[in-house]
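Some structures to go through are shown next.
Here come two complexes built around chain A, the first alongside chain B, the second alongside chain C.
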Partner chain A sequence: MRLGFAQAIRKGTNHEGDLCAYCCTGRTAWGCGVARFLFWRVVQAVVVIFVVTVVVFFLLHQIPGGPARGILGIQATEDQIQAFEHEQGFDQPVPIQYLHYLGRLLQGDLGESFQLNQSVADLIGQRLPKTLVLTVLSTLVALLVAIPLGVWQAVRRNRPTDYLLSALTLLIYSTPVFLVGFVFIIVFAINAAWFPVEAPQADTLGGIFADSQALVLPVLTGAGVVLAVFSRYLRSSVVDNLDEDYVRTARAKGASETRIVTRHVLKNSLTSLVAMLGYYLPVLFSGALVTEKLFNYPGMGLLFWNAAQTSDFPILLGVVLVISLATVTGSLLADVAQALIDPRTRRVKA
Partner chain B sequence: MSGPLARRLRVFRRNKLAVVGITILGLLILFCFVGPLVYHTEQTLTSLANSKLGPGVDGHPLGTDDLGYDLLGRLMLGGQTSLIIGLAAGLLATLIGTLWGTVAGYAGGWVDAVMMRIVDAGIAIPALFLLVVAAAIATPSVPMLILVIGFVSWLVPARLMRAESIALRSRAYVESMKVMGGGSVRAIGKHIIPNAIGTVIVNVTFQIADAVLLVAYVSFLGLGIPPPAANWGGMLSDGLTYAHDGAWWLILPPGLLIVMTVCAFNFIGDGLRDAFDVRFEGR
Partner chain C sequence: MLGYDHLSITFGDVEATKEVSFEVKPGEVVAVVGESGSGKSVTAMSALGLLPRKAKVTGRIMLGGRDVRGLSGKELRELRGNEIAMVFQEPMTALNPVHTIGWQLAEAITLHRADRKGGVPDPKQKAVELLRMVGLDRPEHRLKQYPHELSGGMRQRVMIAMAIACDPKVIIADEPTTALDVTVQAEILDLLRELRDRLGTAIVLITHSMGVVADLADRVVVMYRGAVVETGGVDDVLLRPSHDYTKRLLKAVPRLGSGARQAEDVVEPVLSVRNLVVSFGGQRAVDDISFQIGKGEVVGLVGESGSGKTTAGRCTVGLQKPTDGSVELFGQDIAKLSARKMRPLTARIGMIFQDPASSLDPRMTIAECVAEPLVLHKAKDHRKRVDELLDAVELGAATRDRYPHELSGGQRQRVSIARALALNPDLLIADEPTSALDVSVQASILELFLDLQRRLKFSCLFISHDLAVVDMLANRVVVMHRGKIVEQGSRADVFGAPREDYTRRLLAAAPVPDPVEQRERRASRG
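This part shows the complex of A and B:
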């Protein structure tokens, strides 16, 4: 769950002689310009997406009864299955089957749900925006708290308040999200009755925003997933940056401590936080899965959970694929943004 | 005493939180594995007449759950499962990740590129979602959860060890060993992994903490190990159903034990990181 390797990337191989891992051309990383970096980063993302489709294709073949049973449903007869397998080319060699699968994916065909009598692509299309609303709001709330917290802790590092806040964030990190959400429900929804117990149930995004009071607890719960990680990451990033030469230079030039943090250090730390955000998308989606189940929020996570209860494999694998694609795209955008803002990151890659 | 090991032990002992972590962990292991030898309870046959008794009622110090199992005894039994899955899955993940990352970093070039793109793809597929799919394909059991959690969480150690391997492979002692005719297996097994052992050991503790949490999440999603087996995550999520009615004793103890376990492993990990002077992860 924890992907704190962005730090490792920065720390691990920061030598001039390192090879640029994106282009495998054997030239040193310093030889790689922006265009080359961007090109190879996109190539990398495409390769990763390819590997993801192979994994999901493999899982599709692990379904009890095989993909034909998976698509036709439990009540299909043996003849129907054979006819379907021939029609769909499932009697052909596996690599050919994979190409067919890839072809269907490219047309946006993720198969049909067993239970809901709808195409998986349509179902995900309806649910994904709602999950995005939840994750984006949760992330914003988490950042809003984590950034000042992390910076404040770093500036006042190794003092009692810093230790106290570190302990607190570790405590939040160690508590299962559903327990945090449940405590929220008991305290704020049942005892205090400030917010409803259930998330907004509206079909449209507008309806969900209209019921904004019901959105508060799910968003706070979702924020709890990453708040601790973000603030801990930012704290150590700011602490590291405060040791850098440029900070010493700024101090020597008479810059105030506030100016150093806000104008110099924060810029660098936030850039690496942006890159980390991209890599944290899987965690955010996992948090959404748990939060949506707890609050009965009709997003992609709940769709996934319901599908797991009814063994609706086309939905399960469709959601896995879509989330993985979103993650690859997200981390690509984050890396590109970081590379454009901070030229130093272009030469290091672990 | 002197030498690197003694020095590391000193640094570790100086970290108060790490000592607290080790102590908590020791007590938890005693509680779960020695406790049932002292405190005998019925944990297989249900007793619906004694369902949801409060703490202290009828000789049940922590009360009973919805099926009438004594909660204190069940916490011991459930803790065994949670700790075994956490430890085994954490070790498995680190083992796979260490070998994978070291080989990739040592080999370099296209081998490295291919191996690391597989890691990238694995990271893109959220572990919790994969676990749910696995649980929908086959009924969860302890060995299955260990295997699946191990196979979804080896990616971070792989990345860390690749970076270590790249840094170490061009060291003089590795180079000179190769000049003398030593092979890749020897270089990786005798030189690179032993020199990066700090990273490995520190990572194991964080992996175990995360595995304990993952088991809890899977149980919450209703795909945990079915009864009469128990684990803290399952007890916690089952308890949520009844806590609305005021049965707080069903969620507080398992919740507390999970939080304590995860915190303890994180404390130990932080202490070990100082002892081995490993710099990684922003935590």
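This part shows the complex of A and C:
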């Protein structure tokens, strides 16, 4: 039988014999469907990233004053500024500048920082791992708290404790990150003095891990960004699943409530949570920007923040590019992860 | 084995069951029949202690000498699946989609391992044995599969395998075949009968289908509005009912062979379908079918799920684009018509769908629903016409300003009929219009439909999986199977003297609500 892509994905594993409806290579509908799916997702990603660079590039050039004043300082004369602008090509029309930028970008050149005298690629290369450490740790902490919390609330749904926790997570959810961070600093670093005010400053990842005590508050702040989202999402997913017929079947088999939640419902609910993780990658990243500034953590967020203060265009563009790349890969990973976890879309090797 | 003693269950102010008492002996099949809301499912669930927390229960539920109501949570869990097991209606949603068949069977086996005396079975080996017992081929392979990879009938077999995993003394089967096609239904009923004979399990069969009762039950308990109105042997209850409600219920069941309508040659076809093909992504849902509907004629289109009957119906009114072939309405090929030229044709067609709850706009009043086609086709004097229509479908003027959710299922389907007839159509397409309704409601809707059709003389394509319903209404019958037409002809020929093997199998599989006849049919089916 020949199948279209959507049908092939939906029918999934058990139809190895079905052929693709659109090509004549004799591939199976499933294999061909996945190949086409990935192809279009990559095309989509490239288009998205291109549009993002265009928008950001043109917006940056609308900023009054421009980078020259920021770099040369208020003492610089008009002549010095014009010389700098000519040297950097800023006196050309913006579209031409963009084409130059794009040309270099396609060769893998992100440009040089105006301020730091380093290539943007190098800077991002140094800072990105640190941001990843912060983001991954924050996410893990958020999940470790959110999963039990969400499940517990779902099991005890519509009781006073559930309402209280829902109100609490809603409060965290609606509090801006910088406020959460400030509260942590005041309470745990200044008043209680359990943790240092500043994040680890080491250059290497090893050094950052060695100063783990200083890492606690930034990680907790980062976790606060998504914890509430995850736990509320999981709560509603578990509540929905507990109403499903298969739960009734499990009960009729004699399974205990604990077993029903841990073995039956959680697997169904986590499937969709994993997918959500991918979509929250950009949120985690932008949360890191604020967290890093707040704790002076030398990651990509702080780099971006400082660059924004001095109109260091190449850095700003480079970081935006990395974040948009992360966004599109995040949503792609989310789709792939869900397809892999959910047996209804997974391919089992025969 | 299992006994209900004056069981009353209330939810808030609603009495779900009133003083229900009956017993089930070992090796006996007791059918609990009743229409929706009769309290039959609630009664069954109570034996496993699976009622929602807000339910208030009085009376006793005795299982093997113990009152289920006095048991602790732990004791109940030991009971469930071990002494009393359940088979649910919808085997797709009743199985966990993210666990394999093997995992779910193993769970049923191992959950009660501690309670077993003697040898502990190896779960995998036992699971294979169970699947073999319920007649699934390649059991080792099935263990690794997920529920979505099996057909409806196979899933129901897995459900049954799970229920017999711990050799329970009682199995409660809640509408075990309602979601299945008749031929599959016949197989599942045979399986349950065989298991009862082999294992001596008592079976409580909850169903609304009198045919299923006649096929499987030894004794029958008839429930109506939460109370038991009649109990007795299957022959007594079905052939010599004593309570009025049972009599009415049985009278309402459509029977094969009760049809009387004759077919005439098609002279002036309202609808001509020629070599119609519809493919979805290379798969042929409708495969080269041709049929005609004459003026004033009712044609029944029958087939099981996936046979392509609904897709074919959608093509005839232009809701689905054919891949190949032609559809002629009132002598015009609809493929050649522009959307604007198509409009006057659609005004001459009425449609009725299966589920009136979802095909009526919840935010429109009944009068607005019925008037909608009149407005769309700019007819005059809506108000009078709506009143006429509501009157024709025997709904009082009081329903005019009500909303669909305020009406019962049967009333809603009457509204759908009124809407379909609003423009005095020459052709009516009815897709399973009564399959979501209780039998007594179905009977009144069918009677209404017959009466209207005789009076207004519209042609009709009546799509249904229920042969008895089609037998009652149709002049001619078209039988579809896997996208193809296997047989078509006059009602009397197709149902009385079927030529094709598939038609014969379909007719043999549909259970009749007469236990004596059903026994003969089963015997002849072999």
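Basically, the second predicted complex is superposed on the first by the 235 of 350 C-alpha atoms of A that agree within 3 Å, B and C clash if a C-alpha of one lies under 4 Å from a C-alpha of the other, contacts with A are read in each partner's own complex, and residues count from 1 in each chain.
One rule holds for everything that comes next: contacts are C-beta pairs under 8 Å (C-beta built on N, C-alpha and C of every residue); 3 or more make two chains touch, one makes a residue touch a chain.
Worth saying up front: this structure is predicted, and the values here are computed from it rather than measured.
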Quiz item: Taking the superposition as given, does A:Thr327 touch the first partner, chain B, the second, chain C, both, or neither?
Solution: first
Quiz item: First (chain B), second (chain C), both or neither: which does A:Asp91 touch?
Solution: neither
Quiz item: On chain A, which partner touches more residues: chain B or chain C?
Solution: B
Quiz item: Who does A:Thr271 touch here: chain B (first), chain C (second), both, or neither?
Solution: second
Exercise. Could you say whether A:Asp203 touches chain B, chain C, both of them, or neither, answering first, second, both or neither?
Key: neither
Quiz prompt | First (chain B), second (chain C), both or neither touched by A:Ala250 | solution = second
Quiz item: When the two structures are overlaid on chain A, which partner does A:Val51 contact: first (chain B), second (chain C), both, or neither?
Solution: first
Quiz item: Of all the chain A residues, which ones make contact with chain B and with chain C?
Solution: 1-4, 6-7, 12-13, 19, 21
Quiz prompt | Touch list for chain B against partner chain A, complex | solution = 108-110, 112-113, 116-118, 120-130, 132-133, 135-137, 153, 156, 159-160, 162-164, 166-167, 206, 209-210, 213-214, 216-217, 220-223, 233, 236-237, 240, 243-244, 251, 255, 258-259, 262-263, 266, 279-283
Quiz item: What part of chain A is in contact with chain B in the complex they form?
Solution: 1-9, 11-13, 18-19, 21, 24, 26, 44, 47-49, 51-52, 55, 59, 62-64, 170-171, 173-179, 182, 186, 190, 229, 232-237, 276, 279, 282-283, 285-286, 289-290, 293, 304-305, 308-309, 311, 313, 316-317, 319-320, 323-325, 327-328, 331, 350
Exercise. Note which residues of chain A are touching chain C in the complex, please.
Key: 1-4, 6-7, 12-14, 19, 21, 244-246, 248-256, 263-264, 267-268, 271, 342-344, 348
Quiz item: Within the complex, which stretch of chain C touches chain A?
Solution: 48, 50, 77-82, 85-86, 88, 90, 93-100, 107-108, 111-112, 144-146, 148-149, 159, 162, 280-283
